[in-house]
Amino acid sequence: MSHSPIQAYNLAAIADYCGAILKTQNPDKLIQGLAAVDLAQAHELSYIRGGQYQKFLTSTQAGALILTADLAANYAGDCLIHPDPYLAYAQVVSLFYPKKSLTSGIHPTAILESGVTIAEGVHIGAYVVIGAGTEIAANVIIGAHSVIGAECRIGADSLLHPNVTLADQTEVGERCIIHSGAVLGADGFGFTPQRDGSWYKIPQVGRVVLGNEVEIGANTTIDRAALGVTRIGDGVKLDNLIQVGHNTEIGAYTAVAACTAIAGSAKIGRFCRIAGMCAIGGHLEITDHVTITATSMVTHSIHHAGVYSAGTTIQENSQWRKNAVRFHQLDKMARRLVELEKQIAALQPKN
Amino acid sequence: MSHSPIQAYNLAAIADYCGAILKTQNPDKLIQGLAAVDLAQAHELSYIRGGQYQKFLTSTQAGALILTADLAANYAGDCLIHPDPYLAYAQVVSLFYPKKSLTSGIHPTAILESGVTIAEGVHIGAYVVIGAGTEIAANVIIGAHSVIGAECRIGADSLLHPNVTLADQTEVGERCIIHSGAVLGADGFGFTPQRDGSWYKIPQVGRVVLGNEVEIGANTTIDRAALGVTRIGDGVKLDNLIQVGHNTEIGAYTAVAACTAIAGSAKIGRFCRIAGMCAIGGHLEITDHVTITATSMVTHSIHHAGVYSAGTTIQENSQWRKNAVRFHQLDKMARRLVELEKQIAALQPKN
Amino acid sequence: MSHSPIQAYNLAAIADYCGAILKTQNPDKLIQGLAAVDLAQAHELSYIRGGQYQKFLTSTQAGALILTADLAANYAGDCLIHPDPYLAYAQVVSLFYPKKSLTSGIHPTAILESGVTIAEGVHIGAYVVIGAGTEIAANVIIGAHSVIGAECRIGADSLLHPNVTLADQTEVGERCIIHSGAVLGADGFGFTPQRDGSWYKIPQVGRVVLGNEVEIGANTTIDRAALGVTRIGDGVKLDNLIQVGHNTEIGAYTAVAACTAIAGSAKIGRFCRIAGMCAIGGHLEITDHVTITATSMVTHSIHHAGVYSAGTTIQENSQWRKNAVRFHQLDKMARRLVELEKQIAALQPKN
């Protein structure tokens, strides 16, 4: 069982495919696969996009590299020059590992309730269940065991991996990818306390709407709105195990890394980058072009683009224990500092 | 594909339904739907429950509002007066969006192993699998693709959404709601190290028991006890992507927000409110009526009701980096502060 | 519906089974079950492995205890002496709760695509779907509704609970256990920004490989490598709701508790213990025998074995609010402290 590409390409063909300038004595040199720069062999292509991987420029065994013009100037071997080596590499991956073409058709075990409309070129896998009135546009792929509720819409060319759950009225744009275990449209977490302390459930009657080219990671959950819409903008990328609360809006082209939780009714701007395991509070706004580093708690709105952080970083445990205790005394320390400053000022010799 | 309510109601009928006092010149005014106070139109009803939304009292376009008597005194438009506007609103949602009635019956693709008992009024969806000896009480709904283990019990009127997994011997009370992707009864995380550093698995032979009116969010996991029971009390509400470890007990009417992890053998009291992304340690107790704010790490028992917090909040990254470094020096700073205090005391003029 | 063991054993048989030395006047005493030391009754066996549970040595009602020789010296009742009481107890659990034996066979609703090979003794549950070319070794159990991709390999004696998803080319070793809702082999989170700020997807063409005796918790996600392999070593134990990014490697016998996120291309050593809700950054290395306590953020490599920590612990909210504000001023406080030290030094009487 091999997982290498089926076909080899020569350097000239690869450069042509990704729009790179070829620098070699041997444009016919055959490349049989791709690998990370520290692992690549003589028959493989790799890339360097700068940073800590530049050190491999002198030691790599790769048959050729994709490099920026700057890096290429210092590299004696065969290379493909491209202003964005990582982008060019990504394109070449598609050349070596073309997507499997699935024959369109509806698996005989799939269950379609009344009024489901299926456009042409659609592939529906084994044991898929689709609720009444749902519309599936052209070339959609729905993996085995996915459950699609009633009155959903899935836009053209979208791909749902196996075991995805879309609740009723969920809307997915075009060219979206939803990974296994994702749940879109479960009830938002809305309760109001009654006099005896028990909770009264607020019916959650809104829905989830994804724009185009959205990607949703494995086991990520996006709750339906209480009323109205939980909206994920065009080109948003959500990693695995992310929680998006009811009525939240995420602006176009924002990317969110794994295990981040976004509470209800948050409004997150466009082109934001939110790292892993952040906690974004509810009913707040984050403007466009905000970056939030890992494990940050966001408890108020952010009105200015920039990079924001919270949390503390690891240290040896015995030191940390002492410091964590002192954190509990921090306000008192600050007050004692002010007091000392006063006392010292009083002790200074008078002019 | 519309997601608006099917039927309109006049103000008098709505006030009657939710037990509110109607203040209007026009009790026959027709309301066609519900919306948030800042979005509601002239044909829609909304509510204000205080806080930051009070500012919309003067600008809302809503056809009518549900308000407290205090707020109503300052509102010229049509309103329904109720001591708890949010609760009244929640009731009105049920009026406008009545639950879909599912015809009872067992889908022909459902697989019931030997000795499964199904009471009347039960709906079992497509491809559901139910293990031997499981008892399903009256009016239970089990969504498509859910897998119920052997010797489980599901109490009357409970709702399992599609793709729920209950392992063997899991017990669900009455009127519970379990959302898609939830896994109840997977093995607790129990291993003991052997001499060579490898792990010996402790068999997990207990089970999960939910009380009545429990709600479990999407992709939340509750592990079976090692021995005995992992117990979720009556009226507990768990949001999405929560982890509950083996042998943990959560007291009645406690609510837990998304992405919180509760380690094994924790005992959490009743009427607690635990915010998102908290980490509750194992083998500790939290008394009743404790509130824990988001991202807090709880490493010891809490014996007194109150509000508890941990963590740090975001600031601009370049400032945060400096502060995070200083956190590592905090104990030393505290010691230097003590030293300064001594030195200053020594410098003070003697009496 | 009972969840107690089927059969009783006498003390002599139990001691023999787990290799303990029996200290009793009555080796024929019948034990009918197991329970925690504070709950055990006269017909039940329990154990104490030290720590806070030692206090129950005088009050337990258990019919017998498994104890170390030291503890046994202070215990008047019947006991089984073993150098590792927890390990002995774990073995005895297997005696009282033997694994259910499943009859081998392929459920008639299971769908096997072309070229699937199934060794002897395999049990494949209802509605399982297995992709083309996948190899299932002897005595594997695949629970209902699991979806196995194409060209996967599952090693002998492994157990997949219901509703597991393995994407194409995933490789699982021997004697592994994968819990419900786990997703192995979803795409890594790899995108590169284009000039207009939109994201270009890096095709994820690597795979996930698990060693032998790996356990993966419920709803945990392990992403396939961009290129190459995301590798989980022999005997690794992952709890629920964990994220493992693409190209990450976890060394043998490392255990990770729930809700921890490990970013891409991290290399984690062997025999590490990572507690719950930690965030491990990408492209870093953690050496062998490192322990990381709960909620720690790891942003740089760890080259020395030891215990590491980050985060702050709970305190009463009104105090915490003051301290959290001061954290934002911590660097300034440190600078003011240095300034004070200078001023005081200047004020000291000259020698």
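Letters A, B and C mark the chains as written, and numbering starts fresh at 1 in each.
Keep in mind that, in the parts below, a contact is a pair of C-beta atoms (placed from the backbone, for glycine too) under 8 Å apart; a residue touches a chain by one contact, two chains touch by 3 or more.
Being a predicted model, the structure only gives us computed values, none of them experimental.
Report, in degrees rounded to the nearest 5, the angle of the rotation taking subunit A onto subunit B when the C-alpha atoms are fitted.
To map subunit A onto subunit B, rotate by about 120 degrees.
How would you label the subunit B and subunit C contact, same or different, if same means the shared numbers make up over half of all numbers there?
Shared-number fraction below one half, so different.
Centroid from C-alpha atoms only, then distance subunit B to subunit C, rounded to Å. What do you get?
Going by mean C-alpha positions, subunit B sits 25 Å from subunit C.
Residues touching two or more other chains, restricted to subunit C: which are they?
127, 145, 163, 181, 219, 241, 259, 277, 311-313, 315, 327, 329-330, 333, 337, 340, 344, 347
Over in the complex, which subunit B residues touch subunit A? Could you list them?
Where subunit B meets subunit A, its residues are 1, 3, 34-36, 39, 52, 84, 86-87, 89-90, 93-94, 96-97, 109, 125-127, 143-145, 161-163, 177, 179-181, 213, 215, 217-219, 235, 237, 239-241, 253, 255, 257-259, 270-271, 276-277, 294-295, 311-318, 320-321, 324, 327-331, 333-334, 337, 340-341, 344, 347-348.
Could you please specify the touching residues of subunit C with respect to subunit A in the complex?
111, 127, 129, 133, 135, 145, 147, 149, 151, 153, 163, 165, 167, 169, 181, 183, 186-187, 189, 191-192, 194, 197-203, 205-207, 219, 221, 223, 227-228, 241, 243, 245, 247, 259, 261, 263, 277, 279, 281, 283, 291-293, 296-300, 302, 306-313, 315, 319, 322-323, 325-327, 329-330, 333, 336-337, 340, 343-344, 347
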